[in-house]
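Chain nomenclature is as follows: A, B, C and D, assigned in order of appearance, with residue numbering initiated at 1 for each chain independently.
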Amino acid sequence: MQTLLRTIYDDVKPLVGQGKVADYIPALASVNPHQFGIAIYSNQGELFQIGDADVPFSIQSISKVFSLTLAIKHYGADMWQRVGREPSGLPFNSLVQLEYENGIPRNPFINAGAIVVSDMNQSRFASPHYAMREFVRRLSGNPDLKTDQVVADSEYEFRHRNAAMAYLMQSYGNFENSVEEVLKSYFSNCALRMSCVDLAKAFNFLANKGYCSISKEQVISEQEARQVNALMATSGMYDEAGSFAFQVGLPGKSGVGGGIVAIVPNRFSICVWSPALNKVGNSSAGVAALESMTKHIGWSVY
Amino acid sequence: MQTLLRTIYDDVKPLVGQGKVADYIPALASVNPHQFGIAIYSNQGELFQIGDADVPFSIQSISKVFSLTLAIKHYGADMWQRVGREPSGLPFNSLVQLEYENGIPRNPFINAGAIVVSDMNQSRFASPHYAMREFVRRLSGNPDLKTDQVVADSEYEFRHRNAAMAYLMQSYGNFENSVEEVLKSYFSNCALRMSCVDLAKAFNFLANKGYCSISKEQVISEQEARQVNALMATSGMYDEAGSFAFQVGLPGKSGVGGGIVAIVPNRFSICVWSPALNKVGNSSAGVAALESMTKHIGWSVY
Amino acid sequence: MQTLLRTIYDDVKPLVGQGKVADYIPALASVNPHQFGIAIYSNQGELFQIGDADVPFSIQSISKVFSLTLAIKHYGADMWQRVGREPSGLPFNSLVQLEYENGIPRNPFINAGAIVVSDMNQSRFASPHYAMREFVRRLSGNPDLKTDQVVADSEYEFRHRNAAMAYLMQSYGNFENSVEEVLKSYFSNCALRMSCVDLAKAFNFLANKGYCSISKEQVISEQEARQVNALMATSGMYDEAGSFAFQVGLPGKSGVGGGIVAIVPNRFSICVWSPALNKVGNSSAGVAALESMTKHIGWSVY
Amino acid sequence: MQTLLRTIYDDVKPLVGQGKVADYIPALASVNPHQFGIAIYSNQGELFQIGDADVPFSIQSISKVFSLTLAIKHYGADMWQRVGREPSGLPFNSLVQLEYENGIPRNPFINAGAIVVSDMNQSRFASPHYAMREFVRRLSGNPDLKTDQVVADSEYEFRHRNAAMAYLMQSYGNFENSVEEVLKSYFSNCALRMSCVDLAKAFNFLANKGYCSISKEQVISEQEARQVNALMATSGMYDEAGSFAFQVGLPGKSGVGGGIVAIVPNRFSICVWSPALNKVGNSSAGVAALESMTKHIGWSVY
């Protein structure tokens, strides 16, 4: 496996830096685009890594999977009354889609859906971000995971579009808490800093029938773990979920920090990271690395 | 397996007839809703069946997978310049989506996409419907498969919405042949009559790395077969693809005739059929049967 | 004229109460639907009135014309960089329209447009609502006009949809002040209480080439007055502007409190009021009364 | 008046040729953009003209007013069950608007609406284009008006988008005849060639309470004439109707051939023509000429 990782790494290295680092907030724009790391964690607890796999980065939308998992643990199947499970189609109609479907977002991985999930967690925890961070520290076995408060504050300052969606959902009665408070928790979750190694470990329960071998806990049931994977497979990669399924064939979730996690059910959890993004906001080198893995190992679930 | 099939059949039997038979054309509206069949075909050539698994029905949108396979055989990866691979979001905006994306339909399983695929096949075959029927006869090993011309004519008579989409694509230059001719081929393909047994056999190549053990041919490459499965997984079940992935976890394709095919990669191809449809147009009993299988056997790919 | 007013009043009286009083906030829902009044004020200072023409009611969206006039006085033609002058089409796409046109609302009479106009006035006045109320007291010659604080507070409590639009405009850079502060001013303006007589007087400057004969001031230029009338003619009646032009043929502006003002250029300003609304939110009896006037007097500008 | 016409002509002359001649079909693209004419016809039968006012050009969408008038003559108020009277908002959503409103176009001046009006006339006349041309010859007093068959054929060849709309309306049951036949009539109407003088005369009945002093006939009732003017005022100028009302203040109808007709109710009918178009498809010099008239003469109806 380590040899294979080296092959893939060398294959993709020339692409690193192609694309554009996220720049909608200054704190993200200053990241060095030439970083690139891969970590693979097996259900047996083996760790394989290469490149900048120990460098922490802003996990951004990858945090949506952790929030979702926390909400599933508490609300179970009831949570699907407030958020759908369907892919979302075009980005341009995110708001009209909320209108058309009476304030129920299409899935928990579009922003509107993740904000509703944050609202669910806000109703349950006194400090939802701390609860989430503790949860992720446990899953990854890394008690030192930190929140980048500069990033969180900067996201909040430019919250307007997300605030618009939250208020629109509130107008349909699909919101329980203060929009401002929920957005603060939501942005803090996005601003968590983790390395490829941290994320490969923290996501292993999804490859392992819901069981985390690091914290020795059944995080969610086997069926629920497969369901989270199914949601990642159909909606985890922004407006590229279909192409990603087509090219890579694994459930995956990306973030604008340049990280992508992917699950090989019953076997491995993977995290690749490189900050430069393609047009739809996924890591260019990250997608290429996962395509290369699929070609070399034939991991597609399909 | 046969015992299991009996359990599932008995589980789901009480649901048969719930919902509504497709009635947008008279020829489909008169089907008896109380029919229900299941067929499973293994990569080793074993056939398991129960109920009305030998009764032919109108395959409708299931034909889109055959047309797509024919187009892939001829055009390979080039075909993706004319049709996308992303899930499509809301049904209400199918036309605005075509406008927004310059006449390129989102995927080959929405009507606009399947019509473009038919246009590709029209450019290639003198008689595209006959070519397609011969192809399917070969895959299923059944030389007697027939087209229901009454259904095909009736669909053509009520072609207006599909004609609107075809003309809109033509206005963007994404159409090569006469709209009327292409629609005739397209509706003839939809009007093919096959049984659960026929379909389970004809779809086996997608479970078997692109190889059809009945006709002894490599239909498409292993990678292409996985890609077709990926497309079914993200876009095969109308506006229920996400829920189907969530609940069943298999690539699937449904038709308004009440049939659903599903693929267990590397192992089985399945066809369930019952004519009464749920709100989004998928067979109610069919979806229930596949959910029951997933629960009993744990076939989810995720 | 007074005889004519009696004829129209008797004609329309049977329709009074048909439709539904606005009930999205409790404070409006409790209004007696059987009230009906008409006031006409001529450029020569003659007042004609009938029915409940002296009863104050919540002017609601009629206030948008006053806010617009204040903004025109200060910003002149520059203001049209931040808000358009085109009719808005379907209500369902108000948010997607803002997205499509980069946060520039179509006209100052849809909510998004009126909120941007309020934002302009917020940048200019320390207390924009008091400035507006003083302005209207002067135009109407009634120093006792009051704001219904219960209505204003209730609107603010249910501000979510308007807040969504304001935040969306802010995400496009078309907002200068705090969303919360601007909405408070906006709702206070809507909650002003005026009678038909007050409104007929306060709007007379639009019939009189921009000159208010009550306050003896040139409020805006003749050209600007005609332009405000043109905006009312194309966009003043929610999703009924076209029908209103077709049936009545006068520039008009309605509010969900049941009031409608209309302008007969160079001659009269009119206000009709009856709280029960038709499907698009205009006073049923009010529209009928204006249609009856047009039929009896031939006041259409077209 | 003739002096005034000279002033306006000299004012606007420097703008002639600015913009872009319609080029979606070759037959229109070859028109010399430097032509410019104005004709004014009074209700008393006086004719004022300047520049290229006798040169025939393709009337294009101006023909929609003639078709509408013919339909009103036959169907009266019943026709409004098949087409609306509201402005249409954004061009990008013409198709989704038809979907949202069940195949009823918003007004008779958008393409979908004009095509439905053509379908009405098709149901009534054996040769709807000849009927229309005879009607216009009578109104203008010019028996030599001709159809440019090259233009009509070319429009038909590029009919795809209009065909898409017609088929979509047919899918909603709002179409009575063959799509192909109706489009042929529709394009022939658009391809009629008339000069400014012809059009000023032919439109005079709308300024003259429905009476044509040339053919000595009451074309439609006074009320109907005002209603047609109201429709032009709210929807006659593509996506510039609001600005045109704001700047010019007259009911108007434009065509991509560069012509614009405008009505001064009870006094004059006007036609200006210059082929170069602004961004929304209205004659640049034509709009400027009408703005200049409004400034010099104060003809705004508002």
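What to note about this one:
Rule of thumb we're sticking to: a contact is a pair of C-beta atoms (placed from the backbone, for glycine too) under 8 Å apart; a residue touches a chain by one contact, two chains touch by 3 or more.
In UniProt terms the chains read A, B, C, D = Glutaminase.
Predicted model only: the values in this text are computed from it and were never measured.
Between A-B and A-C, more contacting C-beta pairs join the chains of A-B.
Ranked by how far their CA centres sit from the centre of subunit A (Glutaminase), the chains are topped by D. Averaged Cα coordinates give subunit A (Glutaminase) a centre that lies 55 Å from the centre of subunit D (Glutaminase).
Between subunit A (Glutaminase) and subunit C (Glutaminase) the centroid-to-centroid distance comes to 48 Å (mean Cα coordinates, whole Å). Centroids built from CA atoms put subunit B (Glutaminase) at 32 Å from subunit A (Glutaminase).
In subunit C (Glutaminase), 92-93, 96, 100 are the positions where the chain touches two or more neighbouring chains simultaneously.
Interfaces, counted as pairs of touching chains, are A-B, A-C, B-D, C-D.
Residue ranges of subunit C (Glutaminase) in contact with subunit D (Glutaminase), taken from their complex: 84-90, 92-93, 96-97, 100-101, 106-107, 226-227, 229-231, 233-235, 239-243, 245-246, 249, 251, 263, 265, 300-302. Of all residues in subunit A (Glutaminase), only 92-93, 95-96, 99-100, 158-161, 163-168, 170-171, 179 touch subunit C (Glutaminase) in the complex they form.
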